[in-house]
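Note that the chains are named A, B, C and D in the order they appear, and that numbering of residues resets to 1 at the start of each chain.
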C-alpha cells in the first residue's frame, strides 16, 4: 500500500488527519482538497465533529463530492444554513477550531502568500487572493494548508507578499506533512516513497526534522472513504499531482 | 402599491458608467450574471466591482473592458477551472486597479456603511501586508485591554445587484440555501436591484415572511430572468453548466460573442 | 450525535450565582420565562441581566431578589401595564445596579463580542448623557471625515437563554416571526441555552434549513416547555395571558408564590 | 366636532399627520399612540408609505390593534420580517424617514428624558429608559414624540437627564402640536377647545407661537379610521387622557 500511496490520496488523507473529535472544522471556496478531507473524516473516523462549509452547510450529507467546493450540494441534508457573515464572525471570535486555507507560497513561519508572484504592484502572476486568510489565519484556533507541488518556489524562504500571518498549524504537500512548533514549521512526517533528503532539497526554507518519521500509511477505512468520494478518479485526474 | 418589476434592460439601466457595483453570490453560484452580461451589451465602462469572491462575473466584465477597479477578497473561476484569465490579465497589465481585501475586511467595510459608522473594526489582519497596502488604520483599544484592532473605512456601493430564487411583484426577495454576502450588500448600497428566477404570489411570502432576505422597500427595481445565474448555479433550480464555462474560456474572439448570444436572457 | 435535550431543572443549572445572563425575546413576547422562574425556584442570586427590552422577566427576578445588575435599554411591562414595579423599586432603593443603554448600544456591545473586536462603533449617541454615564469612548475617524463616533466595549454574557418555537433533538432551534435580538445574543454568549415549545423531527429542519436561527453546535443544552413563554406570548402558538400578568402585579406576598405555582412548567 | 375632539383622538390624529407619502415610518415598543397613528394613516390617507414596527412587520395588515405595541399580531400579513438589528441599522445609516420615540420629559430644544425623575444615581422615579432613542433620535431623518399630559413637568425648561438629543421634529400633547424649526420647538397648532394662553401657561419652556393656529379638526376619514381601530374605546379608556 505504501509505495503506491498516490500523492492525491496523501494530501487528502493527511489533511483529514488534522480533524479532531468534537471540534468545529471549516472548508472554504477553491478548496477541493479540504472539502474531500472533511468528508473523508466524517466517513472514516469514529468520532463526532462539526463540519461547516462555505456553501452554508452544517454537517451536511452530500450525495456526492462536487467539483466546486462551494457548490450548494454541500448543504444537502443540513439542518441549518450558516452563511458567510456567520462563519467569519465565528472564526473572528475564536469559535473556529480548525480552518483550512489555501496558499500559493508558504514560508518557514507558516505565513502565506496567495496574492501575487513578483511585486504586488507589478505582478508577474496575479493570484486569486487570500479570501478570508488575513482574518482567519490569525483568529482560528488552528489552520492548515496544502500545496499541490512540493518545491522551493512553493515552500519558500521569503514570501513575495505576506497575504496572511498567524496561527498556521499544519501544511501538507504531496510528499510531506509539516506541523508548527510555535516558532516555525517542523517536519512531522514524509511520504514513505521519498527520502528525507529529497524533502530537504525540495523545501525552500530550513526546518527541523528531528522528530520526523515516514508518514503512517492510509488505513483501509481511510482508503475506502476516499474511493467512495472519488469513485471514478475525477478529482485525482483533475488535480494531476506528482510525488 | 406599484409594481417594481421591469425588464432586464430597464433594470440594468440603473447602473451608469463609473458606478461602483456590488454583485451577489459567490464564484459560480447564484450570481446576477444576466445583469453582468447586459452591462456588457449596454457598453458600460469604468465600473468598480465589489464582491468578496467574484469569478466569472468579473472575468467577463474585464474581458469586455467594462471594469476600472476591483475590490475583492478572492478571485477565481472555481469549479475545476482555476484562475479567472481575463481578470488576471487586466490586473497584470494594469488595465484594472485592484483593492485587495480579505473577504471579511470587505464585509467590514460594507458593515460600516450598513451601520452608519465611519469605520468598522475587524479581527485578525495582524501581520498581513494588506493593511499597509490599503492604508488601513490600526486603533488602540480605548478600554485598556492593551490590544489594537484594524478598522476598515465604509464601502458604500452605488448599486447592489443580487440574483434570487423568488420575488414578489412589489420587490420582496428570497433565496434558498446560503445568502452568501447578499444581505450586507443590500443593506449597504444606495440602490438595490434584484433579478429573480420567478415571481410568486405575495401570499407565498406572507405564509413564511421569515424567509424574505430583502423587503420590498429596500428594492429599487426587480426583474425576472429564468436561468439568469447561468452558466453558474441557482440551487435548487439548476447547477453549474460546466460545458458553457469551458466554451466561455476558449481564448478566441468569437467565444465571447457566442457566449453572450447563448445566454438564457438572449434566448427568450 | 448525542441529544442536547435535558430537563428544565438541568438546563437551568447551567446558570450559576453571579452569572451574566442574556435573555431573549422582548417585553412580554417570546421570553425564556420558564427558565426565569426556575432560576427563582433554584434560589439563584447576584445575576446580571442583559436584555435590550426586559420587562416581566427582570421584574420577577428583582422581586425574588435574584438580581445584582441590569444592562438594559428600556424596561417596562408593556401591554397596558406600564412600568415594571419591582424592578423600579430595586433601582430606586439601590438594591440593583443599572447600566442604562440605548437598545442599539447594547447590541453594539454584543456585536463586539460576536465579531471578536475590542469595541464596536455605534451611530448616534451624540448629546446623550448615557455616554458620560457609561464612560464610553468617542473616537475620531482616522480616515479624515472629521467626524467622531462613540464606541461600545464588548458585552459577553456568560449565558444566553432564548425561547423558540421548535428545536431538534440535536439542539437546532428556530423561531417564527421576529427574532428580536436572539441572533446576536446566541453569537456573543459563552453558553447558549434553548427552551422550545416542541421538539420536531430533524427532517422538518432539513426541509427548510434557512429558517434555523441557531445551529446545533452553538447550543449547549435545550429543553421543551410547552407554554414556557407564559404569561407572555409565543406566536403563533399563544398570545399574552393578560389576566395572569394582572394577577402577578398584585402587590401582596402570596401573589408571587401563586404565580410561580400556576406557571405551565409547574403544572406538567 | 371640534369641541368634542377627545384628547386621545387629538394625539393619535396629529401623530398620524406627520406621516408623509412614500416614506419609511417606524413605531416601537411601549408605543400604542404611534402604532395607532401609523395604522390610522394607512387607513385614512390616500398615499403609500412603508410602515415598519418593532414586532418585525413591514406594511402589516393586523386584524385588530393589539394592546401591546410590540405584539406579533403586528406582523399579520407582512411579506417579510424586519427584525430589531435590521431596523436599527436602517435608522443608523439614515434610511429611516420618520421614527416615533417616547419621552417622559421634553425640553424646548426637543431633547428628551426617559431615564429618571430626579438625580440619575438616586432617582425619585426610575423611568423605563430610552429604548433606542439615543441612537435613533440623532440618526432618523425626523422623529416625533408625544406626551399624554401637557404640563410644566412634562414639557420642561431643563431635563432631569438628557437621554437623547437630536432630530426631534414634532411633539404632540392632548392640547398642542409643536414642530421644530431647526433651533427650538415652536408651537404649530393648539387644540381648538383650549386657548393659546393655556398652552403657554402649561408649558415649561418658552416657545414661539407666531405662526400657530388652532389645529384643523379631524376629517371624517380620520375619525372613522380611529373608530375602526378602537371600536370599543378600550385604548381611549386605558389612556385616560384629559385636555
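The rule we apply is simple: a residue touches a chain if its C-beta (ideal position, glycine included) is under 8 Å from a C-beta of that chain, and two chains touch if they have at least 3 such contacts.
Quantities reported herein were computed from a predicted structural model and do not represent experimental measurements.
Visitor: Is the C-beta contact count larger for A-C or for C-D?
Guide: Here the pair linked by more C-beta pairs in contact is C-D.
Visitor: Between chain B and chain C, what is the separation of their C-alpha centroids in Å?
Guide: Spacing between the chain centres: roughly 36 Å.
Visitor: CA centre of chain A versus CA centre of chain C: separation in Å?
Guide: 40
Visitor: How big is the gap, in whole Å, between where the Cα atoms of chain A centre and where those of chain D centre?
Guide: The answer is 58 Å.
Visitor: Report, in whole Å, the distance between the mean C-alpha point of chain C and the mean C-alpha point of chain D.
Guide: For chain C versus chain D, the centre distance works out to 27 Å.
Visitor: What parts of chain D, by residue number, touch at least two of the other chains?
Guide: 56, 75, 81, 92-93, 139
Visitor: At least two other chains touched by the same residue of chain B: list those residues.
Guide: Expected reply: 115-117, 122-123, 177, 210.
Visitor: Please classify the inter-chain touch graph. Allowed labels: line, ring, star, complete, other.
Guide: Per interface graph, the chains form some other shape.
Visitor: Could you list each pair of chains that touch, in label order?
Guide: A-B, A-C, B-C, B-D, C-D
Visitor: What does chain D use to touch chain B in their complex?
Guide: Chain D residues touching chain B: 24, 48, 50, 56, 58-59, 75, 77-82, 86, 89-90, 92-94, 139.
Visitor: State the interface residues of chain C toward chain A in the complex, per the touch definition above.
Guide: 1-2, 113-117, 168, 170, 172, 187-188, 202, 205-206, 209-210, 212, 214-217
Visitor: Considering only the defined contacts, which chain C positions touch chain B in the complex?
Guide: 112, 115-123, 137, 139, 141-143, 145, 147, 149, 151, 153, 175-177, 208, 210-211
Visitor: Can you name the residues of chain C that touch chain D in the complex?
Guide: Within the complex, chain C touches chain D at residues 26-29, 52-53, 72-76, 78-80, 83, 87-88, 91-92, 94, 98, 100-105, 107, 122-130, 133, 177-181, 183-184, 233, 235-236, 239-240, 242.
Visitor: Within their complex, state which residues of chain A touch chain B.
Guide: Counting only chain A, the residues touching chain B are 29-30, 32, 54-56, 67-73, 75, 81, 83-85, 88, 92-93, 111, 114-115, 120, 122-139, 161-166, 238.
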